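Okay, so chain A shows up in both of these, paired with chain B first and chain C after.
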Partner chain A sequence: MLSFRADHARARDAVLTKVSEEMIEETGLTSIQSRVTDQDEYLARPDLGRQISDETEARIRDECTLNPDVQILVCDGLSSTAVEKNVPNLLAMLVDGLEERGFEVGTPLFVKFGRVDVMDEIGKTLGATSVVNLIGERPGLHTAESLSAYLVYEPHPDKPTAKKSVISNIHVDGLPAVEAGAQIIDLVERMHDQRGSGIDLD
Partner chain B sequence: MSQTTPPTLTSVGIDIGTTTTQVIVSELTVNRSGIGAVTVDIGETTVVYRGAIHETPLVDRHTLDTDAVRELVESELEAAGYSASAIDSGAVIVTGESSYKENAEELVNHIATHTGEFVVAAAGPELEAVLAGKGSGAAAWATKSHETVLNVDVGGGTTNMCLFSGDDVVETRCLDVGGRLLRFDETGQVTHISEPAERLIEIRGLDIAVGTRPTDTERRRLATAMTELLFDTIEGPPLSSVTDSFTIGSSEYTGKTVDTVVFSGGVGRLISKREETNDESEFAFGDFGVILAAAIRQEIDRRSLRVRHPDEDIRATVVGVGTQTTSFSGATTHIDESLLPLRNLPVVEGSTITADHDYATIVSELQGCFEQGCELYELDETSPFVLSLPSISPLDYGRIKALARALGDVYEQYFTSECPRIVLTRQNCGKALGQQLHSASNANTPLVVVDEVVASDGDYLDIGEALGSGQTVPVVVKSLAFGS
Partner chain C sequence: MSITSRITGSKHTFDSVREVLAKANEEKSGDQLAGIAADSEAERIAAKDALGSLSLETLRESPVVPYEDDEVTRVIQDGVDEAAYDRLKDWTVSELREFLVDEQTREPEIARIRPGLTSEMVAAVAKLMSNMDLIQAASKMQVTARCNNTIGAEGTLSFRLQPNDPSDDVENIRHSIREGLSYGVGDAVIGINPVEDNAERTKRLLDVTKEFIETWDVPTQNCVLSHLTTQMEAVRQGGSADLLFQSLAGTEAGNEGFGIDVDLLDEAYEFGKEHCTASGPNIMYFETGQGSELSSDAHAGVDQVTLEARCYGLAKRYDPFLVNTVVGFIGPEYLYDGRQVIRAGLEDVFMGKLTGIPMGIDACYTNHIQADQNDIENLAVLLTAAGSNYFITVPMGDDTMLNYQSNSYHDASALWDIFDMGPAPEFETWLESMELMEDGRLTAHAGDPTRFLEGDR
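Then we have the complex of A and B:
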């Protein structure tokens, strides 16, 4: 029972605390926000977490690299802890590794109150060929530090979820962040080779 | 996920020395532990059959008579009551002339057709030094007591020293000093003098020659001269130029203070037994061993050196090999598939990479490992071997990158670009390290990075062809088992 309460407390912390400004700054992420305005709305209105406002659209069109091969997003999702623990390592590895293989990587964005599918709208707005979304997983009873990477080729809001690829369980006792980075790089390459993601991949 | 390993393995150890060959059959218990990276330990070793000591059959000084050795092995197995098919694994260890090695591999192909996993190990002076220290219990004592223990194996032709500190082999030092450098008949007449002894006699201006009966004083002066070389080496630099000229290979001397010394080997046994010697027994073995042992003992007493008795005074004999058909590697590896399968690769263990290691410290650690590995296994710049990295902590991008860059550079320093880089990691980071190592290496350099497998110094590894989508490979870790 005590262990359950401890897990529950960790889960609450992970869900309710925010990703720190320092981390966003140190990792060189450009910060934007979904249509959600506060934590309660984030939990109550998942639909708003998948959208960005017209102003935000205009802003990213203005500030970000357009038509990149790969657009990387980081969302706090349901675990800010997961983002804090894994993203600094993963992001650096990912950007270096993708560029080394000749991909043009877009301006990495941090999406406050972002849900998984926000990647479709942002990817379409920026004209990205593929999008990688690193998002904190719903905390479980084992760890609150687990991150997932969702990947999509040719993002579009109408694309079914089955066409997304996912690498999950990224945390220190699961798939270490650096190894996840290496897997994502290989997966992006496969997606671009085969021009698809999710169920479209061999 | 993994194939099961029988709880007990029947293993043969074939020990081919310069002069003698022996076959030993033993039952080994293999313990496995760990989730993910499986660690293999040889539990109990029971020698069930110890064959007679045969003279090593040779065609000439450099070539084994493989047919004769095979017959010898077959007849010994028969005598032991085992058929070839009942043997799960085995090890052939060749000491002395390293040029037997190629020959010995051919031998194994003969023997191993109907048996399990075999390992051929050619032991140069450095590996002999390590084996001696394992056999005498010096290694175990260093682990247990956390002391720095120097094993001094004084044999017939050479003295091989190995410094153990905690779990690590620190260095080896080899010297042309031994009990059989001079031979006598029972009357004390010199029948043979080997080159190093001849040289020492000349340097010291002693009156000892073949066909003569040197006086007690002359013999003692020679023994003292040898003892001085020995202690000069034990103490480390600065070495006298004479000691230097009797040093074999590139002996190493770190600044570590030796806590305890263990004397093993034929002469070592005479030192520890502290028998009273008199003129009759001096020539009991027809050599210089008794006299040399007495001189060494005297020097030990004079210096009040901390000496620990060896558990076994003869060389650690290989009794077989425990094999572990491991679970497959982790699902994420980085592999040039054209290299597979790879067999019987010696394992060189790297050091743990911790948070305070930067590029420069990793480079110097790796250089140390590579140099030790090259000497132990007599690797040249094209020999493939496995570098096993025990732990990288913390597992972050900067560290992986620094490690890969250091690996790339150090490999390039010691090995040709065509020589495959084969790296094992304990943690799940094979793909990450592989990608980084690929960037840090020549584009044509073949790479195999396998994760979640643990192997240690002295193990041998087989890596099979990739399975499934080419991401996992079967790995067999073979650990030599030593008995006494």
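Then we have the complex of A and C:
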């Protein structure tokens, strides 16, 4: 019973840690923030975690590739550990793989305090055809390293959740990053072929 | 409409039934997030007082989302038995509460009023009740359902065996099924949440569970909890499903977020009656949970307790075999801590039973809310007392795929022991034949998954 409690303690701590500046820098991500200002607000106000400020909108319009085929986001979500463990490998693979298949990939962004659906507002702002959002899942007892990829075709804030796709459980004991990368690339291709995501896909 | 109360010594005025319903709720972070909660404890109590004085007719005539705008409202309103409604429309909400907690009122009396209730009435009375009121009233209500076995009969407490795996690994899933069955759980359903939502994966997991059930002759049902359309496609491709599953919301817009509507549910229900492998008649499985509408911005200014009751009103249309709230799953922005999770769990099971659906619960929590295993063990004890039909169980209380904690396989025997209960009757007979149970108690073989190794059969 105490080993259960020990795992729970570790998971609770993972919720509170942050993605390091070094990782963001080393992976070449441009860092922005949602409208959320601190961790407590992040947990309490999912609406703010889905939005970016007017200044941030202006900034990304200025600094990022506009109208890309695919925009990639990384969000800390509820587990910074998941981002730190998986993103360095996965991101490079995704960019290379998508470009190899002829997609123009936008400027990858790191969104501090970002929720899944922040991809709608950012994708729309940048005029992206589709968005891939890599986000840390809430930690479990077994692993705090689990990452999810949420995908949307033609992002828009009114897009219902059912019209989005997800690949979850990306971690060493689930879906390893290399396999996840291949699956995400295939899914992006299907989304562009069929012009939809989520339940709009065959 | 203006509704007032002076119970706190000063005058509180509310502009609509929807506002009174929202402000009468016990404290919930989700109602605060939606900006509709009471501003103070005094206002909360005034709203309860005002709500108690409303007639059931007022609630019938003020659905929280207009009839013209929302098909969930239409399902609930059109489903009301007008003769039953006429007999109770003059009751106040307070009188309904008094009727339900009266020790003279038993299941047959409650069964007579049920067809006249709307979800707004069900939610309203829950808001006037203390935690023990909810347990007392729920405990006398009995809603049984029948698929390959019978759930909800007096003296029984059933469990879903949830053998989820982070990579949908078939052998891991089989091991988890063996372990769960050896602890005596699995009579509600052997139900898997797949990592990947596609027909091929769903069919594969349906086939694995079905084959296991047939090999060992287990009197239960299987289900793979992918999207409803995915499950139907898997069945069209030859998959064997006993139950069809779907998550429900309490508004049309919320269901759109889930990619469903009443037409699709109707179609699935007819499809299931024809193609599901179970003998039935109850073949649908639904999950719900306070806060899901707000999370998809589809709450229409309505509080999460009332929206949850509306999910049950919708579920009732399909005579389900299982309905459970997944209380505590969604996060601290809707239910902040163990106290709010426990309150919500008690409300949900009470409201489900009053609606007349066979109600169970996933008593659970995630690692970003202020709760731990003790909180949900408390909730499991309270809800066994309240007569929940079933609980969700996962190995060691930890779901390694969905990353949250629920009751464990071995919690079942503790609850049976505390309350002198047992599994569904057909399942108990089968456990006895497997020498896992004797005279209503687990034997020394319990917890030994090797009893279900294929070579031994």
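Going forward, the second predicted complex is superposed on the first by the 202 of 202 C-alpha atoms of A that agree within 3 Å, B and C clash if a C-alpha of one lies under 4 Å from a C-alpha of the other, contacts with A are read in each partner's own complex, and residues count from 1 in each chain.
Going forward, a residue touches a chain if its C-beta (ideal position, glycine included) is under 8 Å from a C-beta of that chain, and two chains touch if they have at least 3 such contacts.
The shown structure was predicted, so the numbers you read here are calculated from the model rather than taken from an experiment.
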Q: Kindly say whether there is room for both chain B and chain C on chain A in the superposition, answering fit or clash.
A: fit
**Q.** chain B versus chain C as contact partner of A:M93, first or second or both or neither
**A.** first
Q. Should A:L43 be classified as contacting the first partner (chain B), the second (chain C), both, or neither?
A. second
Q) Looking at the overlay, what does A:L175 touch: chain B (first), chain C (second), both, or neither? A) both
Q) Is A:S146 in contact with chain B, with chain C, with both, or with neither (first, second, both, neither)? A) second
**Q.** Broader residue contact with chain A after superposition on the shared chain, chain B or chain C
**A.** C
Q) Can A:T161 be said to touch chain B (first), chain C (second), both, or neither? A) second
Q.
Tell me the contact category for A:D7 with respect to chain B and chain C: first, second, both or neither.
A. second
(Q) I'd like to know which partner A:D186 touches here: chain B for first, chain C for second, both or neither. (A) first
Q. Taking the superposition as given, does A:G28 touch the first partner, chain B, the second, chain C, both, or neither?
A. neither
Q. With the two complexes overlaid on chain A, what is the closest approach of chain B to chain C, counting only CA atoms, in Å?
A. 5
Q) Looking at chain A, which of its residues have contacts with both chain B and chain C? A) 175
**Q.** Residues of chain A touching chain B in the complex
**A.** 89-90, 92-93, 97, 100, 172, 175-179, 181-183, 185-186
Q: Quick one: which bits of chain B touch chain A in the complex? Just the residue numbers, please.
A: 332, 334, 395-398, 400, 427-432, 434-435, 439, 451
Q: Give every residue of chain A touching chain C within the complex, in rising order.
A: 4-5, 7-8, 11-12, 14-15, 43-47, 78, 137-143, 146, 160-163, 166-169, 171, 173-175, 198-199
Q.
Help me check something: in the complex, which residues belonging to chain C touch chain A?
A. 29, 33, 166-167, 195-197, 227, 229, 256-260, 295-297, 331-333, 366-368, 372-373, 396-405
